[in-house]
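Below are two complexes that have chain A in common, paired first with chain B and then with chain C.
Moving on to the complex of A and B:
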């Protein structure tokens, strides 16, 4: 891989123990929130991460920044292994990578003013010395996100959702990060302000040369802003590639199903659009099906699907990868540990 | 979006959510808001004012007392309340009003010291147990359980037996009894706050545990601790009285409400005022700390707060 990769996950796993019986704390199973994710995020790109609610998008985003400890696999950030960073390395990594959260009502400390919230990264990393310089930087950041610097002394409860989200973005940008994870950053906003915050993020991405991981449960929303799209199902990235390719010619049945649920804004195309209606519900991440995890709902499932866990393989457009045996049985058989075929 | 304190701007073509917040309400520190809300609760406000008076009396006890605590005047023995002695005199002719005033100093000092000890030690334990969880939680809270399992009076008596009587040791004895209470209250509150997104947000920008604990977790976990402080003060004053009544706390001839109660008990048939006035003082103080605690609970409860102030979460 010669492209300039900023963040990379290999075999990344985040398994949560399922505890039963309170005081005894017996582990009665594991919930595989993230279960073997391979993903590269290229410097300067916007990567859209889509998938149904509960498929592990947030956990993956958090694990990339080590806000949730991975239980397996590796994450590298700009060439360094994030999982083995010491305290100082981790701190610096967190300066260089920011996060914007879904709920702007929950992500700001109600007891701290806008100025205190936005200047926290400055204080933590000693980025500006002295109160006056920090205040100037806070004003600059507020202006950058389209807020009046005069609001610095106010408390979060005085703001609307969109304004709060701008405060959250200002905080995420304070450390001058290279990488920003936006976890459903506009999902809980009013429709009327979603576009504004989305445009703000796009502008900031261009202006500051940010690398963006844009997490959303809505494939159609992501198509317009992402350079590439990664599709997640039950803790695994099952398809990834250029936004046009994944958004118009998906190679993995799950992505096709996701896409067929999106209305096409053209009457004739809409009529001819073939709908793939999935049977059943998403299985629990505590009981992931063997082999291909999508097989319990896949209309094309065939013999190898329960027995071989499909690996991502190049299919369709250049740079497009999909994990599906329809393109050739590639992956790890369920009982032996040996891969069936080498990946590209 | 229900529960949003401010409406989003109307979705008109020029609508923007940027700029100045739509209310002109000036930023106010939270504690002033709290005081304002408390003032609107008449019972709690009255209790607070009475407590303020009692605390002032306790602080300036020696200036305020009409006579010394141990001024004996044989000819004035067991005088009923009069203009010269509004609360009467005891069997040694000592002015009861003076002794109640000076007793306020002793009782409140012991109470505050005890609660301060329990607050600092207990909250620190609860904070660490709640924030770090796992074995830290197990070790600290099991220790608290053991402490809590002892009957309170027995535990206090044990501390006093080891360290001897006296105001400082009485405070320590009562404080030790309340450490597990503060540890539990703090831990429960911290368990809720540590999961808040703003704590993770702060961690995501590189904040240290110390910073998370002091800047975010503790301030947001504080309300139940403050309520507990007020209620514990009531119990601490009561406990000091009880220990002194049993002869384990404040030692004669120092004035303490509990001790005066014990001393006056023998005269209850012929001179009711000996026990009555210290009894009233204890009752009033304990009642007011409890009422204030209830009022604080109402005001500091986040949901209640949203209802009353129409803002914040």
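Moving on to the complex of A and C:
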């Protein structure tokens, strides 16, 4: 491998048992939230992870940090297998990997001051011993995210949504992480405030050399911030590649439909644009279609789609991968389990 | 046509004139922190088959302004003044009985969150039938047939079975279709959609927008579409009204407002949007987004003068802080629809105010922090 991979998932699966009611709590099915994800996140890059609600993007983000236990496959973080880490190893890994959550109202403890919230990771990881040193670090972190250090003694309710999200980012950065997962970090903010937080994340990424996983359903925001984009559908990464390539020349029909559905604020362009309107709804992750999971809504579905589960294959621009039989039938047949090799 | 508008009886009229005329709408809400001036003098007209988009950020008063029209604000705390003529009949002075007749056949509303606005313990069919039978002598069986028909019209698969489903058995997109079916069940002349697609994924949003546009073309419904998403506005609106601090700060045709914005707030809002089509500048580098520093004012504590001045990067006129700028024409007309803006900002030439764009563009990375 030529590129420097920081986080890597191979065949990653997170399946949740569906339990029926009643005393026996029998397992009546399996919800495949993440279902065989192969993904590399390169050191120092911003990877945008997009997909619609229920596609498993948040679960994937959580599984990479082992906030939910994977039920199959592997995750490696800087060469270490995350799935087999013991308590101590996991703690150190979590110091090196921070998380910014969606809702800055729910993710901050309303009864703790900003200083208490931001210094908690310092205490947990035994960084900067001594009150004065910790206070200095908190001030430094607040300044880093564009807050006045004088607000350290205030409580979350005294802040606006955008300011709270800055506090959440300061907390995530406290342990000097290499890797930051932002799960819908701007979704609950107003447009003008979203822009402030997007700019902040971009600046921090450059300034601190962070590796960023930016999970969002907002394709415009992802296109703006990401170096590469990965698209998820029903628990699987179906396309990944450089942001320019995926954003302007998507190779997977789902990505094409998704991009065409994003409204842009230019009336003339909107009027002339052809929207690909998909039929129906996303199937339930408890009943994933056989073969290509997008085939039930795909306008181009043809014979091999129900029979062969498509693998990611290089198409389009260098570094662009898509899981689609239109580019050659590559993948695992549903019945035999033997992979089909690439033709060319 | 139907009986005189003022009589307050008879069927709800329809016609080819303006569907809705709102004049100087003001809404005050009593809150524990004092009186909130949520809507301060809003005027607009919605024509037959026309879509007017009301845009603004949270707290701008856009939702309250339409809830007030249909008498959906609690009377104990809300004071609503002004006029709101639906086919010439004032909604604000209507008797509660008349208002009940008008809601439905006169004006249908689609709320933002279909999970909380549908009754979870009644089937979809019951909820549709209730609305249909409330406005006409329709037998239960006929109303049910009509309900199935409506569910089919809004594109719900297998409407014959969907009619007996409960809301929790449907996906978000399907629930929102049910909401639209309910809003359309009495063929209203006016459809109000309050963030109707905000909770939905983009592909489902595209389906819903297509549906509303199709129904509008078929029936000539006037639509008030409330949203914060300027992309959606560009796709559906004929006219746009930008709200800030409970006031209309700019209005005009969708092309005028989005392509040639005049008000510093509208410009800031548009500059803050990441561009899906071309994120990188001519040098191939993705620039920082322009931002509007600070946060919107609280409706209990509106600034004197121009509502936007505390956040405005180009304020220069002494009147900004003391005198409220009137909504004056800055473009459009004669013959075309006027383009209006409420600002003291000198550079009123649409699209040519590079000073504004420069100022917004030069925002430093740590702006608006504390």
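Annotations for the structure displayed:
Criterion: the second predicted complex is superposed on the first by the 327 of 344 C-alpha atoms of A that agree within 3 Å, B and C clash if a C-alpha of one lies under 4 Å from a C-alpha of the other, contacts with A are read in each partner's own complex, and residues count from 1 in each chain.
Rule of thumb we're sticking to: a contact is a pair of C-beta atoms (placed from the backbone, for glycine too) under 8 Å apart; a residue touches a chain by one contact, two chains touch by 3 or more.
Predicted, not measured: the structure shown is a model, and the values here were computed from it.
In the superposed model, A:325 lies in contact with neither chain B nor chain C.
In the overlay built on the shared chain, the residue A:103 is in contact with chain B alone; chain C does not reach it.
In the superposition on chain A, A:147 makes contact with both chain B and chain C. Contacts of A:293 after superposition on the shared chain: neither chain B nor chain C is touched. In the overlay built on the shared chain, the residue A:247 is in contact with chain C alone; chain B does not reach it.
Once chain A of one complex is fitted onto chain A of the other, the partner contacts of A:220 are limited to chain C, with no touch recorded for chain B.
Once the two complexes are overlaid on the shared chain, A:32 sits clear of chain B and of chain C alike. By the touch criterion defined above, A:166 lies against chain B and chain C together after alignment on the C-alpha atoms of chain A. By the document's definition of touching, neither partner reaches A:134: not chain B, not chain C. Touched by chain B in one complex and by chain C in the other are residues 145-148, 150-151, 160, 162-163, 166, 190-193, 196 of chain A.
The touching residues of chain A, counted against chain C in their complex, run 52-53, 145-148, 150-151, 160, 162-163, 166, 190-196, 198-200, 202-203, 217, 219-221, 223-225, 243-244, 247, 257-271, 275, 277-278, 280-282. Of all residues in chain C, those touching chain A in their complex are 57-58, 157, 171-174, 201-207, 210, 228-235, 237, 254-255, 258-259, 268-277, 279-280, 286, 288-292, 295-296, 365-370.
Considering their complex, residues 1, 3-11, 15-23, 25, 27, 30, 196-198, 200-208, 211, 215-216, 219-220, 311-313 of chain B touch chain A. Within the complex formed with chain B, the chain A residues making contact are 62, 65, 67, 90-92, 94-95, 98-99, 101, 103, 105-113, 120-121, 124-125, 145-148, 150-151, 153-163, 166, 168, 171-172, 174-175, 188, 190-193, 196-197.
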